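Read from first to last, the chains carry the letters A, B, C and D; within each, the first residue is number 1.
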């Protein structure tokens, strides 16, 4: 394979929330939910995003506006081109229909888990956000259990609080999660405690995307190629998970 | 077969550092954290090199920083690194890595090199590698004139005075007379030459967007494209100097490694090979070397070092 | 589609020479006889270059003189050629070739260049190309110091005084500052820069026989391995000088050609591509260029020259 | 394909005549009679030879001692290694059994045509040499018609003389020939005159062997890749055939 961006035309843009937009483009490769692509804006930068939609040969990325790159991306119009390469990494492993599963998305982590939710039938699906206006995909997934930190909609509290309650009632055998690492770490602890399988998607600073630069390290695991999705056993051997990460320069910071 | 292979020795003595085999993780590949170094050692590397460290923290160039094409890889990472103080805390307990660890240090002036070398001198590194040859980072290597015989001599002598560790000087293939640089390094007290760094720089333009793909526009070329150039450099340097040569450039198979060793390399570095064959490229290359040695009636890798010169 | 493609113009004006398309047969590939030049022109080349001619006949290096590997080709032909007098009788009636013919001349000293240039001046060549950049022939090019700005200036000025033909100066990618050479050539009166010659040299060792494969042991590296280096050279030279650049190195598809043209090439040379895609590589590359131009809304190849700089 | 020599061990050597030896080695690739391989002696040189024997996975080259390279080759012993690459070029086209064919080998040209004779059934097979001691493969092909210039064995005269006689008697539809170019050219003229198809193998100085260096030109045809075997139509458009050739340096010489 040759790791170089291919230009694609943005064929549609959807405003999801005031700070989140979904960009649609043609995409024909194989894609496992949880994998990511690198999105290139020439002369600007190139950063990782998961596919949040796949519909025939149209895929979408759902992007939260944060810094320079995502601001530039948000300014793109229908017809503009972006470069994409990938998909990269190891996605979520789908469960048998008979396995009772729960999917948890926190914040923009929803983007990563949406395609999984499309494919994993009969799962409980929990979404958490700080407030009602930040909730995503409410029309797409009608059965979602919603949590907001401020109680502006649904359960008042975190996804972890709600998950803890639900675990008491349901016999989940497998939990999938994507969101802030603090949330993921709590879910990992919860799953360890209750002996539930889990798979979570971990974020680190990505440069190459294919396992050579070492930038995305988490305890010797390369997020980009060994992850981004890890299971409970993997995470047990990743002491950095939930604790520290290395930045763009390689400096170690506490989470 | 396995019985016979067991009798074949790959171990090499490089400047009094014992390597269980001649494969070395090249600098800039996966060498960002202690945990990754350990993982590479677990995957069979005979020695591992950290990503180059400068005095101050650096974010490096914008992405894309690494791309591949038909014949190899281009990179312009731009020496992102956390700086020497952070590196000192990252790289501790190096005895437990399972393979000798080589520090790679960079600077924009001679004093910087000395400062970084001193900053890492108590960390348990087995050697210090000094690249004077990066083709794509302003202020460093070729872009700040460090690749001349004079600059090489000055920087290496200065570091030599301040450390007792073996010093490996990493040089560029982009120079008309590579042996004069190798000799300048040897004269300045270098313990070994690492040949070579990436070549070029090169550029790849995405024709649909009409823009260079790399964030820095140009980047060093590595992998298959570089191998014959690297083999020739090692061949020439081997003839010109007495200290050992670590051959780097395009090695991803046992046959490539043997070719480089026959050209004169005492050990061989692997970078792009981590991409082409996976993180276990080290154990794969070692198994392939052993197989070839056995089939060709050798039982010690050291017997073929420089044999292409006979 | 074919109807639309017909409206797309590939023709270029290179130093007042009209080429029906920008593909040029690079020197040293098939340019040994008049009949082969004609065959290449019949296969769609926009211009063809003869194999470099020296004052006296030369047998060149021992075989193997050309080998390939994963990422390209290595050659050390060693400038075999029949000498200027024989070349004059070989290359006659050049108007009938069907494409402009470029003479390539070499020498071991300035006087030789002048003598060979004069010797071929009445033969109907459209231009004279002067390679100062061969990495593997003692007495010529890089191995006799012709690749410096000073030597370039001296040789090119001397030939400039003796001929009215356009002069293309062919330079090496193996130099730290390629633009200074290009500028020296421009200052000396060159009409265009051909960038680049083969890089390296490189070496490939056959590990079973433990010997370098090429008869001359080392040879210039061309093909895919060279392409990103050549693109970067052309990109840099395009910015630095006003005369046109002929981009050569690793081009075997229409996409490669377009990439090189976007970097700043007014025309593009093809050498190794004759191996990878056959003698009709010229017409294939032209068809692919037309296709791309059509799909991307261009109808004239000249509109994209240097567009990657915008 | 990668054009580099592979080392093979000489497993047998046969003295064919005082000046000709056959060297056998393992060879597994596909081979069409008339194609050639490049034989490398490290640090010496590399030159073209046709395969003269193929028997299972053992092939042979039959080599006339001429200059430096073939002398060095003749000094090789069983167990020594040589490098080979190829096969290269376009070989002879085999004819249907119903086509009456004649195969003509002159001198060391026999090496090229021997494997064709193995495969082309029911052909008349003529060999010519200067004298009896230079005749090749007499035990291998029992039915050969032999000619010697000095009359020391068989027909006294050239293969062309004999062929002219035989054409009178037999209705050859196809003639194959390899040998000195003067002989080939006469056979080509003979075939043109009698409207007989022919294929002949032409020699020129070979360097690369794969069509890039231009050293082996004959009127714009590259012997190494467009040939070495050409048919009557090809030859008609090759005015250099039988007249001039270019040497190692590219100088043009008359034949």
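Criterion: a residue touches a chain if its C-beta (ideal position, glycine included) is under 8 Å from a C-beta of that chain, and two chains touch if they have at least 3 such contacts.
Values in this document were obtained by computation on a predicted structure and should not be read as measured data.
Trainee: Take chain C out and leave the rest in place: which chains still touch each other in groups?
Mentor: A, B | D
Trainee: Compute the shortest path length in steps from chain A to chain C over the network of touching chains.
Mentor: 2
Trainee: Where the CA atoms of chain B average out and where those of chain D average out, how many Å apart are those spots?
Mentor: Spacing between the chain centres: roughly 51 Å.
Trainee: I'd like to verify one number: the distance from the centre of chain C to the centre of chain D, where each centre is the average of its C-alpha atoms, in whole angstrom.
Mentor: 36
Trainee: On a C-alpha centroid basis, what's the spacing between chain B and chain C, in Å?
Mentor: 34
Trainee: So how far apart, in whole Å, are chain A and chain D when each is placed at the average of its C-alpha atoms?
Mentor: 68
Trainee: In chain C, which residues are in touch with two or more of the other chains?
Mentor: 69-70, 204, 208, 211
Trainee: At least two other chains touched by the same residue of chain A: list those residues.
Mentor: none
Trainee: Going by the touch rule set out above, what shape does the chain contact graph take here: line, ring, star, complete or other?
Mentor: line
Trainee: Mind giving me all the chain pairs that touch?
Mentor: So, checking each combination of chains, I get A-B, B-C, C-D as the touching pairs.
Trainee: Quick check: in the complex, which residue numbers of chain A touch chain B?
Mentor: Those in contact with chain B are residues 1-7, 38, 40, 42-47, 81, 83, 207-208, 210-215, 217, 219-220, 222, 240, 246, 248-252.
Trainee: Per the contact definition, I'd like the list of chain C residues that touch chain D in the complex.
Mentor: Listed in rising order, the residues of chain C that touch chain D are 28-33, 35-36, 38-39, 51, 57-60, 62-70, 73, 75, 77, 80-83, 86, 89-90, 204, 206, 208-209, 211, 213, 215, 271-272, 274-275, 278-279.
Trainee: Could you please specify the touching residues of chain C with respect to chain B in the complex?
Mentor: The contact residues of chain C facing chain B are 69-72, 74, 142, 147, 174-176, 199-205, 207-208, 210-212, 218, 221, 223-229, 231-232, 235, 250, 255, 258-259, 262-263, 292, 296, 304, 307-308, 310.
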